[in-house]
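As written, the chains take the letters A, B, C and D, and residue 1 is the first residue of each chain.
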Amino acid sequence: MLVVMSHVATAEDVERVCAAIKAMGYTPAPMPGAQRTAVGLVGNDGRVDDSLIAELPGVAQVIHVSKPYKQVSREWRPEHTIVTIAPGVSFGGTDVPVIAGPCSVETEAQILESARAVKAAGGVGLRGGAFKPRSSPYSFQGLGKQGLALLALAKAETGLAIVTEAMDDEGAHLVAEVADCIQIGARNMQNYSLLKTVGRIGKPVLLKRGMAATIQDLLLSAEYVLSEGNPHVILCERGLRSFDSTSRNLFDLTAIPVVHQLSHLPIVADPSHGTGRRDKVTPMARAAVAAGADGLLIEMHPHPEQALSDGAQSLNIPQFDELMVQLRRVAAAVDRFISTPSAAGK
Amino acid sequence: MLVVMSHVATAEDVERVCAAIKAMGYTPAPMPGAQRTAVGLVGNDGRVDDSLIAELPGVAQVIHVSKPYKQVSREWRPEHTIVTIAPGVSFGGTDVPVIAGPCSVETEAQILESARAVKAAGGVGLRGGAFKPRSSPYSFQGLGKQGLALLALAKAETGLAIVTEAMDDEGAHLVAEVADCIQIGARNMQNYSLLKTVGRIGKPVLLKRGMAATIQDLLLSAEYVLSEGNPHVILCERGLRSFDSTSRNLFDLTAIPVVHQLSHLPIVADPSHGTGRRDKVTPMARAAVAAGADGLLIEMHPHPEQALSDGAQSLNIPQFDELMVQLRRVAAAVDRFISTPSAAGK
Amino acid sequence: MLVVMSHVATAEDVERVCAAIKAMGYTPAPMPGAQRTAVGLVGNDGRVDDSLIAELPGVAQVIHVSKPYKQVSREWRPEHTIVTIAPGVSFGGTDVPVIAGPCSVETEAQILESARAVKAAGGVGLRGGAFKPRSSPYSFQGLGKQGLALLALAKAETGLAIVTEAMDDEGAHLVAEVADCIQIGARNMQNYSLLKTVGRIGKPVLLKRGMAATIQDLLLSAEYVLSEGNPHVILCERGLRSFDSTSRNLFDLTAIPVVHQLSHLPIVADPSHGTGRRDKVTPMARAAVAAGADGLLIEMHPHPEQALSDGAQSLNIPQFDELMVQLRRVAAAVDRFISTPSAAGK
Amino acid sequence: MLVVMSHVATAEDVERVCAAIKAMGYTPAPMPGAQRTAVGLVGNDGRVDDSLIAELPGVAQVIHVSKPYKQVSREWRPEHTIVTIAPGVSFGGTDVPVIAGPCSVETEAQILESARAVKAAGGVGLRGGAFKPRSSPYSFQGLGKQGLALLALAKAETGLAIVTEAMDDEGAHLVAEVADCIQIGARNMQNYSLLKTVGRIGKPVLLKRGMAATIQDLLLSAEYVLSEGNPHVILCERGLRSFDSTSRNLFDLTAIPVVHQLSHLPIVADPSHGTGRRDKVTPMARAAVAAGADGLLIEMHPHPEQALSDGAQSLNIPQFDELMVQLRRVAAAVDRFISTPSAAGK
């Protein structure tokens, strides 16, 4: 941390800053400059609260030189982290796994038909919500435990890895019994109690970026999981809140190379939520792979026009088949490979 | 709900829409127009998922005529709801209660000194976090149960109403034992499990707007609490995420008259988080009252330069005293009254 | 400017930065610290382009200690600037002038009726567009020169000061012949050719903040006018682009105390565009005065339901009369005064 | 346009709406529904101002069924428009032209070295600013006419098409003498005087999206050019204002499929401004092509560390060479082709 003093700061002002730094248990390092003095803080353990300093007389600006996160940072671990959620389903390497399925688990027939279609097209994981966070209390909230049982059935039949969302502590333990990867949704990205819980559970976590979260916020939320001893975190870009209603969200694909620079964790993209419109999913899925995404989450429904939620952004089966064909070509063009089910167990 | 057909829609397209509406259990009402046909949906219970319809061939647009929330709406209850959290501390009437105190409960001395200063200046409630949601797992997370005990102590001495945050189900029950009003923070505005829990607990709830939440999102989150049978909800504007770093957040005071139009619930303002800078708190607190706020939440610390969190946005005691003087004048100018501690018990 | 080196930067990296600073004509001041070195740049005239430095090997961060604007800054001129656009119509002192009128000048009867109503209610200036920037080329674009002639007529009869918008160089000269203050609209805030033109004309300028402009952007645009020798600039907050469609824009009233801290220039508020809804104008106009606004711009139309533009956000005459009554009370509560027409000439 | 009446609207309210529609010169078409009445407006020429209607008693909502733009819409012209700015340099077909070069024209040596490198790597156009819009009046503003002369020199030697920005009417005529395509920058996207001028000049126009412009705003600005008789418009996505400072702007690649759905005009992407960081340009350029971009604008400088502006986002020559190699592979994977200079004349 660097405290830049105002050009009218007095020697007393500088001493007061130094004293405050000492009082916090760190070492001040004054650096007199041509026009103004700067004071460095030595021994920063990432817990310094700058507001103590920022308001002292004569202080012009406080600069954070160290980043507030640690274990998630590229400096902490220079090589890529590879998160394996099931045999053959790994994120962060050359492979690009595609996880697909309906927004919500609705019926046995629906989820089995979905799972078979995902596998047939070359997907390696099945997504589908049993617990659904919905803006309105009157919207369909998911089948709960029954939904988890149906996902387990689909896994038993197809061997697909299961990714599904948990919304609270109790749900997280239930989800962990069935899923290969616990999803934390965008609305819960800063639900720190839940992050600590899934950190302690230890299963792989797919952490979605909140709709107004900076990349730093996202990395700090991941840090909550890692700080509980769980290093298996996959980040996910799914679109930000925007002023333009032509798409549901503003899909921030630049997050992919930004995360790759700042962190060793893998990042996947969800173009279904990212765009909210079925006909935008395919081009933006291609774009995500071209930008370097380590995996994709795709909403696919055997009969989108009958879906209980998010039908407008779900691909149907033929559209998903066609998407997989296109993705293989784009992945090859950037020296990546769409993971294949044969590699994914069974 | 109104389904507007494309000007090239065929009679078959219109029939398909009518059939889909029937299949969902509602009645279609086709309205042929000069250039295009619209189809109304009769019997909407607020649970219609438009995505089923929006993607049918020939559909140009789906219009929601009814609002997605119910019990929180002005139509549901035309008169203002008055939420009383303690004797003499009521939100939604002519009075404007001011709740103040430090960001976090730190020590007995600190919280008692804060409480006395709040009461002396004319505040009627004490705020202070025992459980703190912090972006970084390495930041101070609050004293927990010990913090609640200190708040109880401050209440016993001063008679101030207590408002403090709960972050999870377990914490909500702990907070409910001590607090007069349970605060749900911005990051948890869409933590639906927590909303249902505080709905069932039944104590007054102060619900902060999320940093990228629309007013409709905020009202829907309040609807979660009301739908569990708890009508005692106070909304709170505390600033939105913004592209301009000159203030910490973008304080959306227009939310106050907007909420007053759409809902019967009271809305308070938090200019401390809303601006994030001590010297902006006083003018924006005045502005909030002038805009019609039903109460204020103010961060005040006896020694802001020693605060463990949010020191930069906390007023010190003399600044808070001066704020209260100014607020009384502005409140009078809009025919409101800053609540007085004499009215607030003891 | 301060160049913070990475903790792995070599001595060569530091020397390279020093050499680059010298090559740009400034003096480097290396400040070795406990963990890393910082290099100050001495002699910064505000024209340093940091991108040359930011990309050198070993550079972690470049900090701008000086602000990029100059003449508009509070440091440049500590006392408030008072901009007088007509006798008795001054912005930046204790008085708070209210400028009101229709969005567009439509007819002689309309503008004269508007002007008389503004004056009768206590306004001191008349606003009304002769040249209208409209998103669509098919919307009403204003009466042009004929509109200016009608404004001149209204001024001759009522003595009100005239504020009206110019959209290009030619228009700026035409407007300058009639108006007391040339308005630059939000869409043209960064039309630098136009800013230079009105800088050279020398008449008072009302500069509206762009819909995604930071305060720094706004101040830099004002700097364009001042750098041409015209110090008579009034800034205007009129709302930012937002994700929430319940109001037309997101009215950022915190901009008022922020500008007052950073700059000596006066700032006024336009709650009509700031909210876009008639019933929100009165509470937010009150809030603007309570926040410290140096003036107000209000859309008022004798017959809003017949207005050719912006009817939904225009007050009618009785509503404007009532607004003025309320504003006088709020202004008094913050030791300001709504300017009176008697003071405004005639 | 469809006027949805409130469910408590009276027959008089409906009649008043019908009368208002007649008074505006259109035909009302009342459509009584089960719960409420809707009134259609027949004969809408795109110039209807809904504010007249929206504020009438009993009106719940006004729905715009027709889009506000016309000639730019896909309905107006179902096939893609192909804009050819020079022989072999066409936007909107299978080819994907890459236009590259420095932010600013600085010297003869710099622009010639740039042009040769662009051509050698396979680019077909040269970009470089002679007139530069800069936030600060103290930043380098471009070489002006001298810069245009240097661009002409580079064109004469290499045969590359020239794309350069105009900031005002006078500049637009100067630019038109040299450039093959006149660029309108993001800050001037709603400078309607300038849009009309380049519409009348008739040369191809590259119109950049403003930093808080919706797609509809962008299309309406393009409509200004088309409405003056100039159909040769290329749209450009270059990033939006964002709350996250890890990238300079928020690059909205979904704009590409959205524009392709709504309009027949081609759209190109500028990943240099879109990301603002050199190391993000290559992945996001690949992503743009994968999303369907009809061309790319790339900042490239032979010596970025010496650039007078935007050095941090400029590729150097080897990086640009490598980018072109990667782009050819991605383009092939989506059945497009990076245009080659051999096809581009000379």
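Side notes on the structure shown:
Everything that follows uses one rule, which is that a contact is a pair of C-beta atoms (placed from the backbone, for glycine too) under 8 Å apart; a residue touches a chain by one contact, two chains touch by 3 or more.
Because the structure is predicted, anything quoted here is derived from the model rather than measured.
If you take chain B and chain C together, the chains in touch with both are A, D. Over half of the residue-numbered contact pairs of B-D are shared by just one pair in A-D, B-C or A-C, which is A-C. Computed centre separation for the pair chain A/chain D is 31 angstrom, with centres defined by C-alpha atoms. Per-chain Cα centroids separate chain A from chain C by 39 Å.
Distance between chain centres (mean CA atoms), chain C to chain D: 27 Å.
Among the residues of chain A, those in touch with two or more other chains are 212, 240-243, 245. Per the touch definition, chain B reaches chain C in the complex via residues 212, 214-216, 240, 242-247, 250-254, 256-258, 261-262, 274-275, 279-280, 283-284, 286-292, 326, 329-330, 332-334. Within the complex, the chain D residues that touch chain B are 2, 4, 27, 29, 31-36, 38, 40, 42, 60-61, 63, 65, 241-243, 245. Residues 20, 45-47, 49, 51-52, 54-56, 68-70, 133-140, 167-169, 171, 187-188, 190-194, 210-212, 217, 220-221, 223-224, 227, 240-241, 278, 304-313 of chain B are the ones touching chain A in the complex.
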